[in-house]
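Dropping the structures in below, format is structure tokens.
Each of the next two complexes has subunit A plus one other chain: subunit B in the first, subunit C in the second.
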Partner chain A sequence: MTCSKDEIMTVATGRYIADGDTVFIGTGLPMVAAYLAKATHAPNVALMFESGVLDPRPRSIAKAVGDPRLVSTARRVSGMLDSLLMLHGGRVDLGVLGCAQVDRFGNINTTAIGSYQKPSTRLPGSGGANDIASCARQHLIVTRHNRRTFVETVDYLTTPGYLTGPGARERAGLPGGGPIGVVTDLCVFGFDPQTCEMVVESVHPGVSLDDVRAATAFELTVSPDLHETVAPTADELDILRTRIDPDGVYL
Partner chain B sequence: MPGSRIPERLISVQEAVSGIPDGATVAIGGHTLRRHPMALVRELIRQRKRNLHLLGWNNGIDFDMLIGAGVARVIETSYVGMGPLGLARNLRRGVESGAVETIDHSETTAIDMFRATALGVDFLPNRTPLGTDLMTYNDGLVEITSPFTGQTYAAVRGVEPDFAILHAHAADVHGNVQLDEANWGDNTVDPFIGRAAKQVIVSVEEIVSTDHIRSNPRRTFLPREYVTAVVHAPFGAHPCCCDARYGYDQDELRRYYEASRSAETFEAYLEDRVTSVGDHWEYLDKVGVAGLLTTATRTSNVKGAERA
Partner chain C sequence: MRATSKLTTLTEAVRLVQPGSSLSFSGFGHAGHPLAFVRELIRQGTDDLTLHAIAECWPAEFLVANGRVSRINLSNLMFEGLGRCRAISRAVEEGEVAVDDHSHLALSLRLLAGAWNVPFLPVRSMAGSDLVAVQTGVAPKYAQVRSPFTDNEVGAVAALRPDVAVIHVNQADEQGNGIVSGAISVIDAQVRAARKVVVTAERIVSADEITAANQVVTVPGIFVDAVVHTPYGAHPGGMYDEYDEDSAAMSTYYEASRSRQALVDYFAEHLFGHADHASYLNALGSRRLFSLRVDPALKIARGTK
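Presenting the complex of A and B:
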């Protein structure tokens, strides 16, 4: 069955979500991925939203982080500060983030392209992204793949990956474990436990390593176990298309 | 209240804002496109304030409008964006031209700068910015070592803004300020901003009696001990949403966003919606009863990526 780039990104993202985890999630594609995981292999995943909604059981997808239908089925409803305290207290297993630039160590820039004081493009800033990547037990990066995004060095380090490499997060004093993967529209990266560098683990069906190389501005490291990303199953696509996002709001 | 020694603090929007001098540090409540004190923001523009140092924890149209109107010189926050609409274009122009200086935070260091002062201490330890450029460019974040465990922390410098401007649902004339119980969302940060500032100006949807406050004491998020001035500004967060009171004005937000495409078109927007308009009441007339009631009664989503 053919599927769109968004659909394979969604399915690949959902596979990182483990049953029983507490997952800090924004809206858009990561939320669809989390709902898919909950509908398939991770029925007991507890989703949490920055607005303070913890572990809702929605029958249909929410339109926004603050969607009232999340509230009535949640295990706890608090506020923004409370959800950030759950991060600081180490109670969040996985966070999912986007980025404007990312380097081989998974360091993210969402602040400024060019110089910080007089940038060529000023971006919105950290918001909660730094807090999630600093404090969650693990986090995942989900982004489109091109040379402007996958850079040798980020212009401004907003949100920590593995910083300069092995041991750097620990030396800096960061509590969370760091990024465990990067899902793009071309491939899935893991991180080498020895070097803390991004490693291509799988390329999506129809994508070659050369395609990935051409879209990446740093030198590519490839896993010895490189394989093709497992395509979405007919069942997964059916759930996505008919139950989770039937109106195509997100995908 | 005849014979009362409790001061009454209800004044007009113009009077409240006239006390804010050029160059002041001003913290703004609300979140992205939600419950910002927009009536006060528009009055700052009308009174042609200049060189303000704005503080917040997660900002949107409030900072963007003040930057586009030339009111802000420095901004200090974790985020300025238009939520689902996209990037804040006045922020982009202001920072890229060098007209506006930025002091960047993580979301929780931005909150902690207010929380420290609210707790009566001059810094709080926080781990989120360690190892990042947030530390490199913000001298309010300094590495320290725990005297107990040797753990490394960022000390987040507490701030005491000259003014905080907030928008809430109800207050009495003495400055006891309440949010509806129905507002289950992000009402946990504004109280810290209100507790950190030297002077606190709160605009509210409605003025109620102190008896009404006393009949719902759990709704009080800032008692009068913290509040300098209360102003009556119904729909004072427009075009932002105001929790359960009214939703986003999608049409107005889009009009704003399109107008912010260039300095020239934004100037025309300001002329039409702010500077040629006498005061907040005239602004409400301009938006019109139908427009206001529509935002108050239809579902509260901004079409798009739905981040807000």
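Presenting the complex of A and C:
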């Protein structure tokens, strides 16, 4: 069954979500992935949003983290300070983040392209992303793959990956474990436990390593166990297309 | 004797904001921002403002687009589902507004420290990042401190006290005891940290009605200086349990924000073209406003999914 790039990213993201996890996410593709996980292999996942929404069961797809579709169907609603303090307390298993730039250590920039004081492009800023990457037990990065995004050095380090490498998070005093993977529209990266650097673990069906290399501005490291990303099943695609996002809001 | 009512007009309430003030607004995403107050603030010309902006995308964008902001302590400014806040991005790119960046939690804790009257609060976020390495504010925001109880170091963020917090609520009594339905963002900290608090309310209700729901009073009236009856005060954004965001009106703004000239035209029509909030609502018309009302069970406008 053929699928779009967004669909394979969504399915690959959903596979990182384990049953029983508390997952801290935003809207967009990660939210769709979490709904898919909940509808398939992880029925006991609880979703948390920085707006203070906890464990929603929305009737239709939400367009924002404070969307009334989430607020009105959540088991609990509080506020941002409360939800971020639960995260800070170590109660979140997995966070899912996007990025504008990411380096080989998984450090993310969502603040500014160019100089900070007078940037060529001012971006939205951290929001809760730095809190998630600092405090969640682990986190996942999901982004489209091109040379402007996968850079040698981020212009501004908004959100910590492994910082400068092995031991750096511990020295900085960050309680969370750091990034466990990067899902793109071309491939899935893991992180080498020795070097803390991004490693290609699988390439999506129809994508070559050369395609990935051409879209990455830092030198690529490839896992010895490189394989093809498991394609979405017909069942997963059907759930996405008919139940979760039938109007194509995100996919 | 009867307590003096704090009910006043938007015109009077806006005068609590002096030029050069620092401000903090309620709201999150596209809902709950006191935009009627912001429009009146812009009409009165108050400028050189500092914003402590956690989720204040609409107030910050409107104020920056009109050149009223000098400085922003921010954690995130974007229009979810639309994209970047273009007027803010442009102003930062062109050096017109100075910014100092935080994580959401760090900026929230700075307000909470102000609210609790302590000089700082410990935080684990931001360590090792440029949010710490790059400090561009008037005063430092973050430092590593040694725990008084162990040999470990921990991050600490400095207290902030906004001059004025403006909070939009579903209902309030004339003393400013306010109830906010849905998610409350960081209203608790904002109200307690600010030197003055203005409440704008969709509905003014009796003290008895507030007392009947006294477990969910978000804004304690003892902190409040002025209360303004402001129906549809969050338009073009929404207000949970009242009305949905007006996506057509939001799109009109967002399209205009592509250029400075289009924004001048937008504000001429939608802000300066109205003497006050009543005139603004009249122009929208009751049919349109009614179409935004939410279904009481589903909490979204009838006929939407």
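The definition used in the following text is that the second predicted complex is superposed on the first by the 244 of 251 C-alpha atoms of A that agree within 3 Å, B and C clash if a C-alpha of one lies under 4 Å from a C-alpha of the other, contacts with A are read in each partner's own complex, and residues count from 1 in each chain.
Note that a contact is a pair of C-beta atoms (placed from the backbone, for glycine too) under 8 Å apart; a residue touches a chain by one contact, two chains touch by 3 or more.
Keep in mind that what you see is a predicted model, and the values were worked out from it rather than measured.
J.: With both structures lined up on subunit A, is it a clash or a fit for subunit B and subunit C?
T.: clash
J.: Is A:A168 in contact with subunit B, with subunit C, with both, or with neither (first, second, both, neither)?
T.: In the superposition, A:A168 touches subunit B and subunit C alike.
J.: Quick one: classify A:D247 as touching subunit B (first), subunit C (second), both or neither.
T.: second
J.: Which holds for A:S72: it touches subunit B only (first), subunit C only (second), both, or neither?
T.: Touch partner of A:S72: subunit C, not subunit B.
J.: Output the subunit A positions appearing in both contact lists, the one against subunit B and the one against subunit C.
T.: 27, 51-52, 63-67, 71, 77-81, 84, 87-88, 111-112, 116-128, 130-131, 134-135, 156-160, 163, 168-169, 172-175
J.: In the complex, go through subunit B and note every residue touching subunit A.
T.: Within the complex, subunit B touches subunit A at residues 31, 58, 77-81, 87-88, 91-92, 95-96, 98, 101-102, 104-108, 111, 127-134, 137, 151-153, 184-189, 301-302, 305-308.
J.: For a test of understanding, state which residues of subunit A touch subunit C in their complex under the given definition.
T.: The contact residues of subunit A facing subunit C are 27, 50-53, 59-60, 63-69, 71-72, 77-81, 84-85, 87-88, 111-112, 116-131, 134-135, 156-160, 163, 168-169, 172-175, 247.
J.: In their shared complex, at which residues does subunit C touch subunit A?
T.: Against subunit A, subunit C makes touches at 28-31, 54-55, 74-78, 80-81, 84-85, 88-90, 92-95, 98-99, 101-106, 108-109, 112, 123-131, 133-134, 136, 144, 152-155, 182-189, 238, 240, 244, 294, 298-300, 305.
J.: Flag every residue of subunit A that touches subunit B in the complex, lowest number first.
T.: Contacts found on subunit A: 26-28, 51-52, 63-67, 71, 77-82, 84, 87-88, 111-112, 116-128, 130-131, 134-135, 156-160, 163, 168-169, 172-175.
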